[in-house]
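For reference, the structures are reproduced in the following blocks.
Shared between the two complexes below is subunit A, which pairs with subunit B and subunit C, respectively.
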Partner chain A sequence: MRSFCSLLALAVAATVAATVAATVAAAEPAPGPLRIVTTTQDLAALAREIGGDRIAVEALAKGYQDPHFVEPKPSFILLVNRADLLIAVGRELELGWLPSLIAQARNARIQPGARGYLDASLNVKILEIPTGQITRAMGDVHPLGNPHYWLDPANGRLIAQAIRDRLSELAPNDRAYFKQRYADFDARLAAAEKRWDATMAPYKGTKIVTYHRSWPNLMSRWNLDVIGYVEPKPGIPPSPSHTLQLIAEMKRQGVRLIVVEPYFDLKTPRSIASQTGGTVLVLAPSVGGVKEVTDYLQLFEYNIAQLSRALDTTR
Partner chain B sequence: MKAHHLAATIVAVATLWGRPVSAQEAGDSTARRQQRTLDSLTAALRAVQARLDSASGRGRNVFNPDIGVIGNLVAAVGQSRGGSEALAPIPSLTLQESEASFQAVIDPYARADFFLAIGEEGIEVEEGYVSFTHLPAGFLLKGGRMRAHFGRLNAFHNHTLPWVDRPLVMYNLLGGSVDDADTGIKDAGFSVSRLIPAGKLFVEAIGEVYRGESGTLFAAARRQEVSAIGRLRGYADLSENTNLEIGTSYARGYNDAGPGLVTQLSGLDVTLRWRPLQRSIYRSFVARSELIASRRAEPDTVQRAFGLYASADYQLQRRWFVGARFDQSERARNASLSDRGLSAVLTFWPSEFSQVRGQFRQMRFAGKGTANEFLLQFLFTIGAHGAHPF
Partner chain C sequence: MDLHILQFLAAPAVASLVIAGIHAYLGLHVVERGVIFVDLSLAQIASLGATIAAVVPALGGDPNSRGVYWMSLGFTLIGALIFSMIRGHRANIPQEAIIGISYAVASGAVILVTSKAPGEAEHLKNMLVGNILSVQWPEVWTTGAMYLLIGAFHFVFRKRFLEISINRRAAASLGTPVRFWDFLFYASFGFVVTRSVAIAGVLLVFCYLIVPSVGGILFSNRIGPRLAIGWVMGTAVSMLGMYFSVVFDLPTGATIICTFGVVLALMAMVRPRVIAWKS
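== the complex of A and B ==
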């Protein structure tokens, strides 16, 4: 016991010494590319489009992970501690995990209100902003509107503009570079949008079901009609009574496609599909959601290709 | 819109005020008619006031802190054997330590967090501190009343634990008593912490100084008898899904055994977590253990006590968790007495905002025999729901 105490006392003394040494050695951030941390891979992909080789970007949540429930791991604190710019989705998507990371980051540059904190949602089109009184009897509703807004390329363009402007503030010498990269991204996105619009035009008004309310921006952009959800309420797992109601409604309206996020269990959607003669389609809600989707344009290339193929087969 | 509501209310008030008296009402006394009219008028004015409040409330409330309340109802059946000198028996039903939280940013340099523990016998400041988030050289300074960073679980609030109770070693060695349902080092003081550069490893060093009064553990008789706590913790991602955290802690403070007598604590904690990211809402596993050694100086002797717990929790499904815990600890004030415990826990989460937990607990209190108890807990959250500690 005495040796255990001595060992621990020694460890604590070493801690103090290491802290002092580290403090003395602590230098200002090393020069180099701007260090960007984003909460999701979508924002990282957009930052990469604009920042190119003038930034080093890392995303906290993976694209195949439910972005509502991310663990605030200490390794994330390290990333945020070293960041020059933190870009968040906002609209309370990261409410359960980002505030504690920021509070422990020991980084004044990225605190909300500072130039190094960017809420990407401020200029975009937000859907499903609740009106009237909201309570948690309605499930895990987002009082500031649906936070899955990056799934409309028009919003992607607005996010890219906000990133361009903020990067230009933080690195004014590279302003022209960021401007040029934004123009290039804008042109590629506009050309792709024409293609996607043409692909999706034949399916206008088709009724579908989704698991969670992750897709309103994507579906409304291409005029698909979401008539129900596998979840009885946002964030509440499927219940037998709701599933039966949904099956009846799908049969009544002839709905045969169920879109699911990659992080949800497929058991209930498959059971619903088997009883309605429908199909379960796993789409990518984010960059990195499936292996093929490695940048922002591919997010739509993949989802549009998958959607159009599934809509063809379920018609 | 608001003007329309206001105008409609005023018209309603005027109508009520000037309503002609019917033949039936003519039989009522004048006093009763006047009273009814006054009641109607008061109700209408309250409605106008409520509308005015809500119209201007959005602007006024924007700087208010995030407020949340967590209820914690605990029921117990079985034989408690009267607990021990460090562990109070749980009553058959108790609304134990509900927690009210108030959290907000103070100014561009700091934030404040208050957690009030509301027991059936009164309110206690569980924690209330200011954090300075903008200090140079990567320091984080906190000041106020806090749960100390000794070991892993001491800083956790009750509702964030995977069990109904705390591990036995926390009651026996960290200041538990029959007068307090909770235990742990919590005191007024300062906490300074800093990340230590170590590549991809997360290494954090924490130093804390407190007044020196905490439960039955520390009892400062003079101002200079402060307590001190040091902690070093390291964390590494072993893979995308698995991570390991190891911490060492030390605490020193004056005890109540006599003038100038000191209690020292040393601790080692290990936490292994697994959570597959793509199925993170359905599956997870956490194994933890803490070892704590206590050295309590007394007038004629030194009490050297040791205790530990080891636990494992597995998430079966999205809303179901199962776990087990082993406890063993000698008592700080009489190290010759040793208690043991075994627990099995099943937790159901109806939603992110509520939990129902059942825990079978078998305790072997030294000299008292075995206590078999079943504990049932309802946790429910309203208002702001802060992040869970990692």
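== the complex of A and C ==
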């Protein structure tokens, strides 16, 4: 028994020592480029367009992960603790994991409301904002609107503006640099948008189905008509009766394309496709969602190429 | 390894020690009673209560409200009542069967309830199942104080609790009101489990409960040494798991769980040598 007691004492002593060492080790922010942490890779890509080599950017959620659910890791706490600016998608997209991370990271600079916290959704065009009184009986309504707004390049431009303004505020000496980089991004985006609009023009009004409500901004930008969802309600896995209704509706309206996010199971979409003679298409909802997509413009290059090819074959 | 991370791991580390302390003890009872999955079952019943409270508008309808906590506690006590009733029935139904059924039905009911409140479903999942990494100091202190009280209660009545866990029939024949003590056991146990699960999540709490007592049983037949081995093991694995989680940048809870598995396997491997050396 004595040896157990001494072991126990040793363990307790080790813990106390670790805690004391930890409190002493609190570090001051080092000078250097602005440290920016974003919740998603889309925001990181946009920040990179504006900040160039004057900032260091890290994204928490990877593009192939569902941004609603992110398992926090120790490195996340350190990143947020040292950040000069935290850029979030907002609209409750990160509600499940970001608030506790912010609380845990103990960084006064990036608390919501501080200059180091940027909610990227504040000046963009948000779809599906419910009007009138919201009750729980309405179920599937997201009270602040659909949070997948970055999938319209017009919104990307607005997010880039917000980032430019905030960076200029945090690093006033680089104001001209950020301004010039924004102008460059804006020009490239505008040129690309013309091409994308031309590619998508022939498919105007085509009806499609998507898995989750991730795509309203992308689809409404190019006038595709989403007539239904594989999920009966956001976040709820497909149910038999809903799936049967959806199949009947797709047959009735002649819908043959099902767009799916990379993190959902393809079983139900495939069985719906086989019964309706349709095709399942996995698109990239975010930068990093597929390997080829490494920046914001490529996100649309990829999705538009995939979408137009699939729409050609399902006509 | 970046030492700066330590200050953020201090609260989770102390929380894991608090949890290890009481669960290694309760685990001895649970293993002795042969009700291994009772904590999963009680935790699921508690989360059913919390889900109902979070979804039904009349009960507050806010996943953060106090109503959620009380509702989940209430459900846990109902579960405790059920489990204290089933033991001692003469019918040839194993206790584990009832525990398994309760778990399955409670899990199913949680899915049904959340399917009626879809807007919140994705958030509920995170709010009811804790993440040890995001625990904060005030939570650690209140939990520590509560567990200390429950631990003291169990220490004062340790003879009774051990008696009904180890040899229930003998206790009953001596005139001990076993149902009452069973209920007290499951009620205090359920109270602890509900709180621990909210901090650390179901899987991790299960490991803290069962693995240390199995580790103790490997090396001793007596309660005292088993408890000591369990405590040392719980402490060591918590610290080791956190270390791995930082060094390899892995989700902390899952890393501790797997460390428990590896350490138990190592202990089982050295057991024959220890036994030989002892005799």
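As a convention for this text, the second predicted complex is superposed on the first by the 278 of 315 C-alpha atoms of A that agree within 3 Å, B and C clash if a C-alpha of one lies under 4 Å from a C-alpha of the other, contacts with A are read in each partner's own complex, and residues count from 1 in each chain.
We take it that a residue touches a chain if its C-beta (ideal position, glycine included) is under 8 Å from a C-beta of that chain, and two chains touch if they have at least 3 such contacts.
Nothing here was measured: the structure is a model prediction, and the numbers come from that model.
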item	value
Partner chain(s) touched by A:73 [first = subunit B, second = subunit C, both, neither]	both
First, second, both or neither for A:234, with subunit B first and subunit C second	second
Partner chain in contact with A:97 - subunit B first, subunit C second, else both or neither	both
Contacts of A:262 with subunit B and subunit C, given as first, second, both or neither	first
Subunit B versus subunit C as contact partner of A:113, first or second or both or neither	first
Touched partner set for A:313, first subunit B, second subunit C, both or neither	neither
First, second, both or neither for A:65, with subunit B first and subunit C second	first
Subunit A residues contacted in one complex by subunit B, in the other by subunit C	1, 4-5, 8, 11-12, 14-15, 18-19, 22-23, 25-26, 69, 71-75, 77-78, 81, 95-97, 100, 103-106, 136, 139-140, 235-236
Residue ranges of subunit A in contact with subunit C within the complex	1, 4-5, 7-8, 11-12, 14-15, 18-19, 21-23, 25-27, 68-69, 71-75, 77-78, 81, 92, 95-97, 100-101, 103-106, 135-136, 138-143, 232-236, 239
List of subunit C residues in touch with subunit A within their complex	2-10, 13-14, 17, 55, 57, 61, 114-123, 125-127, 131, 133-134, 136, 224-225, 228-229, 231-232, 235-236, 239, 245-246, 249-252, 254
Contacting residues of subunit A [partner subunit B, same complex]	1-2, 4-5, 8-9, 11-12, 14-16, 18-19, 22-23, 25-26, 62, 64-66, 69-75, 77-78, 81, 95-97, 99-100, 102-108, 111-114, 136, 139-140, 235-237, 262-265
Touch list for subunit B against partner subunit A, complex	105, 108, 111, 131, 133-135, 137-140, 194-197, 200, 202-205, 207, 230-232, 235-237, 240, 243, 245, 248-250, 264, 266-268, 275, 277-282, 291, 293, 295, 304, 306, 318-319, 351-353, 382, 385-390
